[in-house]
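Next come two complexes, and both contain chain A; in the first it sits with chain B, in the second with chain C.
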Partner chain A sequence: MTSYISLPTYSSNIDERLRMIAGKCNQCGTLAYPQRPVCIKCGQNKFERVPLSGEGKIYTFSVVNGGGAPSEFDEEQTMTGDVYCGIVELEEGPRVMVRFTDINPEQLKIGMKVRAVVRRLYDQEGFLRYGAKFTQVA
Partner chain B sequence: MMDVAVIGVGQTRYGMFPEKSLKELFHEAALAALADVDKGLDPRDVDEAFVGTLSTGGAQLGNFAPMMMEACGMVGAGARHIENACASSGFALRDAVSAIASGRAKVAVAAGIEKMSDLPRERNRLWLGISGDVEWERLAGTNFAGIYAMMARRHMHEFGTKKEHITMAAVKNRNNAVANPKAQFRAPLTLEQGMAAPNLASPLKFSDACGITDGASMAILCRAEMARDFTDQPVLVIGSGAGSDYVAIHDRPSMTMLKGAFEAGKEAYTTAGITSDDIDFAEVHDCFAIAELLAYEDLGFCDRGKSGPYIESGATLRDGARPVNNSGGLIAKGHPIGSTGTGQVYEVVNQLRGRADTQERQLSGARYGLTHNVGGSGAAVAVHIFKAVE
Partner chain C sequence: MVGIISYGASLPALRLPATAYKEAWGACGARGMVQKAFCSYDEDAVTLGIDAARSALGRLGNNQPAIGALFFGVTAPPFDEKPSAATLATALFDYKNIRVTEISGSPQAGMQAINSAIEYCQSNNGRSALAVVADAPTAPPDATFEHALGAAGAAFVIGPDGPVAEFLKCFSVTHETFGSRFRRRGEEMISDLELRTRDNLISIEEVGKLTATSDVPKRMALGVDAGLTRGVGRLLGNSEAIVDKIWTEIGDAGAAAAPCALVATLDIMTANETVLAVGVGAGATAVAFRAGGGLSENRRKGRKFSELIKCGRVANYIDYLKHKRLLSSRTGGKG
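This part shows the complex of A and B:
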């Protein structure tokens, strides 16, 4: 099975994935995370790179049944079953689709406080893919 | 701009047909559409063809449209492949309408096909996630079921919609498909069964989702002024609208509406010169049950946030005030991705002509029918409005 997200594509935005680096629009100050070529608000295309806190709240979520995730997660799903994922509204404003980790699925709810941690996503092309997952703030 | 009419429609049965090749499936739909042109049409008289498919069984093929033309005796027509994920053939229809309206083509076809059964399961799941924002949504470990589930959860949170309201769309559509010989899933479903089905992506259950389907469909269109040469029952395409949106739902200001669908609907109503109140029935894109509720709101069938009480009122049942997905919709008729848009046209045109395959399914007195075809989680949407000719 070939990987859908190739290593070069993955590595091109590794700063966003591992260090939570957002783009801040030079013109209107709107944050883009994930980064994007054109500002979602004013249409400008120059950004300053700024790190985000990684803190946020669950905006929506789903528990995806075993076998329902993309096939690169097959090995993990075989071991762990369900995938817990959702959208987090970051403290600084942007929303992003993420995986949850070290979280009690029974306690998942809209508004729950979560924080980014670097975790393994999956293993493909002989290379471990890491990224930010979100965990419950105690 | 020239007026445009549909003069023939055809569709294969939807289901799993591992014994049929891609060309055989397409040929079957084309043959049915040609036979549906009552006074006959030489397939070589087709000027332009637009063929919707996502990726022909997970395998990208170049020059796909000429290959399909070859399979149905339409060699020579200007043909091209249209891809907008699950809205591929809704956009193929829009392009066919434009080709005729502009005066460039006299006769054009819009068609769609998908063969989803030929793949190993893991390749199917690899492939099914490719119409979203793969760099972020997919790396979070979700396919479309999870994405629509997240929209459903927001709808429940923001408007107090109950899970039962969402499942009511699946129940209605499954029960509608019982009488449709072209449908894939023809076993009825009760609300209790739907609510008790295994988890797919919470809050959605397996019964809230469409399946894996093979199928093909075709609509043949011409200048309205020529339509009587081909049939005594042409159906006019009076409205066409299209819209798009951010691919990843996390970039959208609201996750409880599809902005692209709202815009497409607005354009379709404006071009048709009518309002949502005039629509007698519709085929909408219910890939997951929540999508049908969002469609009610985006198309103006009910107020924003009120789709739960609206479906509960029974208004969209077969015998309701405005039947929706009388065919069974994507959930029960089936969702062979590229075929879905023109498959909806097949249903709407037959209803407007009074030619539903069974009497039980025939709607009476319908003048205006609407199709709503969504790509992915709303990144691209095409809406069309059809009118019967008295």
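This part shows the complex of A and C:
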């Protein structure tokens, strides 16, 4: 959800990125987030748009130390240190790859409750991209 | 009567104590400031605005009205051209039939956005609007006036009835300034020639003349620094007023300063009390409200401003400079 993608692709699914809109399969009800062209369960290709709550818990996580992050995060990592990313299992079911923000690294653990917030993802090609990151539930 | 249906605020993740400036520069130029709130690397006026708006809309649960217009008050939007207000609307609403207006140019922008939302509701019978204000002004780190610069966001849902607070009156004064707080086109950072022109004092005095004929508000929500706050009751002809002082805890939040003071005041007001919120800079915009019967229920549904102040993480001065991109050779403070 956060690594480099072209601006046309980014703009075409901006609702997913800013408002967490999932695709709900018209046939079997399976939720796809990020949205997909065909249902992973039944193969059907018609979806209803449904908003997700943005709440979930950490399924797994990684800490990317200095110099290890993709180039679009290079400047950020120089300025702020380690990058925290992982997979969040959303309340509604889908598991999604995310970046964490405002997380106390000592409290980072599997099962921790998190919620989505809109943040600046990165600045590339002279353009800013905003999207969901996940933060600790206070 | 048109007024506030719901409100909310957002503070960025990080706090810098004033002592950090004493250690780095020998003194803190923001006299009276205890600490300030500032944006982490991935926050800006847009992310604060979205967060504040979600807080205000979230308090309404399933009773959110359709929003016909969004007014965004901000002096430091990330783009000079390309409306950040459209990013807000996309992040907040699943409909596109919404008018967005960005108001900028001075720290008055926040109160101007609130007033514009009120006027939209007055002239479009039955419709509702959203005023979002957020700011994170930046200045060169070796400028004394930089020390005060903080960041914050607030949002107000305005509608045909104001159960939270009823709109009473707006007062505006304008006067051209020469050398205080300006930013030329294309520049990232604000300048201030620090000529001690008393511009803001004069603006407040002018507002005082206008409000002299109205009922005296019990409370004042001010977007001004500690020095101005001390004399402001007298200048507004209301020495008895209770003046809210969030500036000492969050710093100078630009366009968001006065609206956040309004949020902090709504957090503690009781029904029927009145408040005058005053945004100052190249003139002043003041808006008076009377708290309504729905205020206490609304504020129970969200976090108080005093709680938001407490929950930030304290950083040191070098981290402050890094998060604000002030040490970056690539972006050079470019926000």
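In the analysis below, the second predicted complex is superposed on the first by the 134 of 138 C-alpha atoms of A that agree within 3 Å, B and C clash if a C-alpha of one lies under 4 Å from a C-alpha of the other, contacts with A are read in each partner's own complex, and residues count from 1 in each chain.
One rule holds for everything that comes next: contacts are C-beta pairs under 8 Å (C-beta built on N, C-alpha and C of every residue); 3 or more make two chains touch, one makes a residue touch a chain.
Just so you know, these numbers come straight off a predicted model, no measurement behind them.
Q: Looking only at chain A, is it chain B or chain C that touches more of its residues?
A: In the superposed model, B touches more residues of chain A.
Q: Is A:71 in contact with chain B, with chain C, with both, or with neither (first, second, both, neither)?
A: first
Q: Between chain B (first) and chain C (second), which does A:103 come into contact with in this model arrangement: first, second, both, or neither?
A: A:103 sits against neither chain B nor chain C.
Q: So, A:121: does it touch chain B (first), chain C (second), both, or neither?
A: A:121: touches chain B and chain C.
Q: Can A:34 be said to touch chain B (first), chain C (second), both, or neither?
A: Only chain B; A:34 stays clear of chain C.
Q: Between chain B (first) and chain C (second), which does A:22 come into contact with in this model arrangement: first, second, both, or neither?
A: Touch status of A:22: no partner.
Q: One more residue to check, A:86. First (chain B), second (chain C), both or neither?
A: It touches chain B, and chain C stays clear.
Q: For A:52 in the superposed arrangement: first (chain B), second (chain C), both or neither?
A: After superposing on A, A:52 lies clear of both chain B and chain C.
Q: Could you list which residues of chain A make contact with chain B in one structure and with chain C in the other?
A: 121
Q: If you look only at chain A, which of its residues touch chain B in the complex?
A: Against chain B, the touching part of chain A is residues 1, 4-5, 9, 13, 17, 34, 36, 40, 59-65, 67-74, 82-83, 85-87, 94-99, 110, 121, 129, 131.
Q: Can you name the residues of chain B that touch chain A in the complex?
A: 122-123, 125-126, 128-130, 133-143, 145-146, 149-151, 153-154, 157, 198-204, 246, 248-251, 255
Q: Hey, which residues of chain C end up touching chain A in the complex?
A: Interface residues on the chain C side: 13, 40-44, 46-47, 50-51, 78-79, 87, 90-92, 94, 311, 313, 322-323, 325, 327-328, 330-331.
Q: Please output the residues of chain A touching chain C within their complex, sorted ascending.
A: 14-15, 18-19, 21, 51, 75-76, 78-80, 101-102, 117-121, 123, 128, 130, 133, 138
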